[in-house]
Amino acid sequence: MSLNVTVWNEFRHEKKNEKVIAIYPDGIHNAIAKPLKAAGFNVTTATLDEPEHGLTNAVLEKTNVLFWWGHMAHDEVSDEIVERVKARVLQGMGLVVLHSGHFSKIFKTLMGTTCDLKWREDKDRERLWVVAPGHPIAQGLGEQIVLESEEMYGEHFDIPQPEELVFVSWFSGGEVFRSGATYKRGLGRIFYFRPGHETYPTYHNPEIQKVLENAARWAAATPGSVPVYGNAKPLEKMPE
Amino acid sequence: MSLNVTVWNEFRHEKKNEKVIAIYPDGIHNAIAKPLKAAGFNVTTATLDEPEHGLTNAVLEKTNVLFWWGHMAHDEVSDEIVERVKARVLQGMGLVVLHSGHFSKIFKTLMGTTCDLKWREDKDRERLWVVAPGHPIAQGLGEQIVLESEEMYGEHFDIPQPEELVFVSWFSGGEVFRSGATYKRGLGRIFYFRPGHETYPTYHNPEIQKVLENAARWAAATPGSVPVYGNAKPLEKMPE
Amino acid sequence: MSLNVTVWNEFRHEKKNEKVIAIYPDGIHNAIAKPLKAAGFNVTTATLDEPEHGLTNAVLEKTNVLFWWGHMAHDEVSDEIVERVKARVLQGMGLVVLHSGHFSKIFKTLMGTTCDLKWREDKDRERLWVVAPGHPIAQGLGEQIVLESEEMYGEHFDIPQPEELVFVSWFSGGEVFRSGATYKRGLGRIFYFRPGHETYPTYHNPEIQKVLENAARWAAATPGSVPVYGNAKPLEKMPE
Amino acid sequence: MSLNVTVWNEFRHEKKNEKVIAIYPDGIHNAIAKPLKAAGFNVTTATLDEPEHGLTNAVLEKTNVLFWWGHMAHDEVSDEIVERVKARVLQGMGLVVLHSGHFSKIFKTLMGTTCDLKWREDKDRERLWVVAPGHPIAQGLGEQIVLESEEMYGEHFDIPQPEELVFVSWFSGGEVFRSGATYKRGLGRIFYFRPGHETYPTYHNPEIQKVLENAARWAAATPGSVPVYGNAKPLEKMPE
């Protein structure tokens, strides 16, 4: 059965900035969606300016994995929709948070920290080294992915210690960054993946696309077991 | 240099419920504070009905470790104070969350999950087994703490996987619970400790008091190193 | 493509002890193998008294996941074969260690600790509670598995803190135990699963069989990425 | 009460290689010991060519934290002494493994993996970034330590995922490395710290010395609680 993937994008830079338009004429969401479709997933997109940001209950209910790209308009995402997305993650929807999504409401509320970091928009080369070669998200990759130009993100990255650290980035300017990190929250799986600044053609890179495909598969929930909460009768004879 | 410990309590049950008043005539906060004072810490208390819930900026600024007990009035804690406490935790203040504090706003916002669980108020016996005997929070304990009567909390407990799991509880009714769990968020350390329902004399138990003392020492921040965030110049020569 | 599963058993109790023979007339390995075959895996068995304990290089080379049951004859497993199995795990073969296998050479050498624990062979009831309901190994289970009679294993269990803790057991005699624990070592995945004493019909229990099936799927390696070791030339221009 | 620290060194390079002798005329062990003495610890040293490698039962019994530097003679360390050191770690002695000690018998047996890595002896600059700024081992540091020249170690480093990752190194040649990693095994705490190749003056660097001092304090065991193993009587009434 094919996974239902929803790619969410704030879709603002691509309407205003000539440089971004040149790289992503159909929007970052469609660039992300394309290889996921090619991998056989059922992919739809949703953007900030749609009603309910395109994330209605009906959409979320059938989504197995949600990708999230946002940057300049984090504050315009309604708190109500954020709570809705969070509830779905805790019920088992996978979430893949991309690049500047580190400062999105949804990521910050799931992490509980500031998610702050160091950054530089210049001509840095980035090398994403695989530090967990047996991880499903590293499947089919070489030992590193090289991006000739990307925005730099540097440590300290204020996140909870990752449950699994999959990638660590090297930047030509002298910084390092924990670039691929997994978490579980409730029944849901979360993957944060660093690269993808809007002024670089990162999502056209086949190795980056492979990571996104792997991440979708990894983040999709297994049905698991169903937890029970609330008041409970004793299962055994109680002390007198 | 002695630690500054602030014990926060919603202090409502102790004003209304005869059974609770009989056990904690001065309030749960003072029962918790007493052995911490005896251990040599500078201990003050704060309660819900004080101005700013007793948690002014001045109080939080000098607090090394904050203990939190709440139950029936979580919703009355103002969001602004919760944000203030969270900010201090992320800057390095230790936080020890007790029992029904699992559903407090401050714990839920730091965890990112529902923090839901199973419960029963009956005459369960609880056995808190030490599963991390070398941990500082287990210092001076035997291999288990037995509480003849306590409220039961049962799995599944909807928290992020603990960074360190220190105690697992056995209950006579047939349940288990991850009763002592540590987390780091930002520069701050968090310890959740399960026992302490208001209708049982748990905080008068010397072994429980020993855990609280250990937890205060553990949760107190070391100065650490100071992270730097924001825009950053290259440290190395950049690619042409 | 179907997984190749090899079930290893020391196969000694089943030749000597009438009680065990009555429960497992074909040996514990065949009882474990049966539902794994029914799940569609290619299953073979291997036992201690076969040449090379049945674990030749050819067998290990094609094995995706190895199950290990041993108890009374851990010392008779040759160090050379243990090293061979360990090397295969580090290269990506999954390993599921069962019950008294906690004291096997292969488990101890992969853990680095004594793997000691508390035990009692009596008529304890065991309740295995799922503490990670979203985990693939919990797929299709209820919130607990009840075994009417099993040997008790109690904490402290001297293992490295599990990377993921999936089950915690409750025992009627008052103990708890971390009963389902995952680890990664090299490219390989390891799952320790507690139940399965030879004098109880545990491996005939359909829920236990479901866990073994889930564990086989989980432990099977994804190809991942191939790490490179040893002397390396610079990738970037070096400082003068 | 002052900590008893034992600094172990194979002490071979410093007898043969003029370049090393010039940097460490009294041996690497004495260079490591000097700032630890200045920090107020009781420091003694032990070397490979002493009887029992200087690690008699009496020495280990009173050692709170053992530092380990070895490189060219790992194979000459007797298996019996390695087992002795391992037993003491599991009983609570701290262990700080330095640089090429990643391939020592004691580290490999505690990790259970190959501990392999990538390396280059050239003129790399190393930047050790603090990724856990609140950790006691980072106390008093800036956000990074810069070493103008060091041997490069690069990922993949074949270790179990660190329980806490404290440092990540950047190298000018394009590599990254998980340079500061903590583990607990039994009652003991282990810290691996990357820098310290014999042909560079790394242990004379005051920031590196600060890390070693912090590591000694962190690795020293708290008495904790004493685990009990073996056959156990029921604590509760058993099922009929």
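Which chain is which? They are A, B, C and D, in the order written, and residues in each are numbered from 1.
We take it that a residue touches a chain if its C-beta (ideal position, glycine included) is under 8 Å from a C-beta of that chain, and two chains touch if they have at least 3 such contacts.
These numbers were taken from a predicted model, which means no experiment stands behind them.
Novice: I need the common contact partners of chain C and chain D, sorted by label.
Specialist: Joint contacts, listed by label: A, B.
Novice: Given that chain B and chain D are copies and touch, would you call their interface same or different according to whether over half of its residue numbers are shared?
Specialist: Interface between chain B and chain D is built from largely the same residues.
Novice: If you average the Cα atoms per chain, which one ends up farthest from chain D?
Specialist: The chain lying farthest from chain D is A.
Novice: Applying the document's contact definition, name the chain pair with more C-beta pairs in contact, A-C or A-B.
Specialist: A-B
Novice: Please work out the Cα centroid separation of chain A and chain D, and write it as a whole number of Å.
Specialist: 36
Novice: State, to the nearest whole Å, the distance from the C-alpha centre of chain A to the C-alpha centre of chain B.
Specialist: Going by mean C-alpha positions, chain A sits 31 Å from chain B.
Novice: Which residue numbers or ranges of chain A touch two or more of the other chains?
Specialist: Counting only residues that touch two or more other chains, chain A contributes 125, 127, 130, 132-133, 143, 154-156, 161, 163-164, 172, 174-175, 184, 186, 227-228, 235-236.
Novice: If each chain is a node and each touching pair an edge, is that a line, ring, star, complete or other?
Specialist: Contact pattern: complete, every chain touching every other.
Novice: With touch defined as at the start, can you tell me which chain C residues reach chain B in the complex?
Specialist: For chain C paired with chain B, touching residues are 127, 129-133, 143, 154-157, 161, 164-165, 168-171, 174-176, 178.
Novice: Enumerate the contact residues on chain D facing chain B in the complex.
Specialist: By the definition above, chain D touches chain B via 92, 125, 127, 130, 132-136, 138-143, 163-164, 172, 184, 186-189, 221-228, 235-236.
Novice: If we count contacts the way the header does, which residues on chain A are in touch with chain B in the complex?
Specialist: Against chain B, the touching part of chain A is residues 86, 90, 109-114, 116-120, 122-125, 148, 152, 154-156, 158, 160-161, 163, 172-175, 183-186, 227-236, 238-239.
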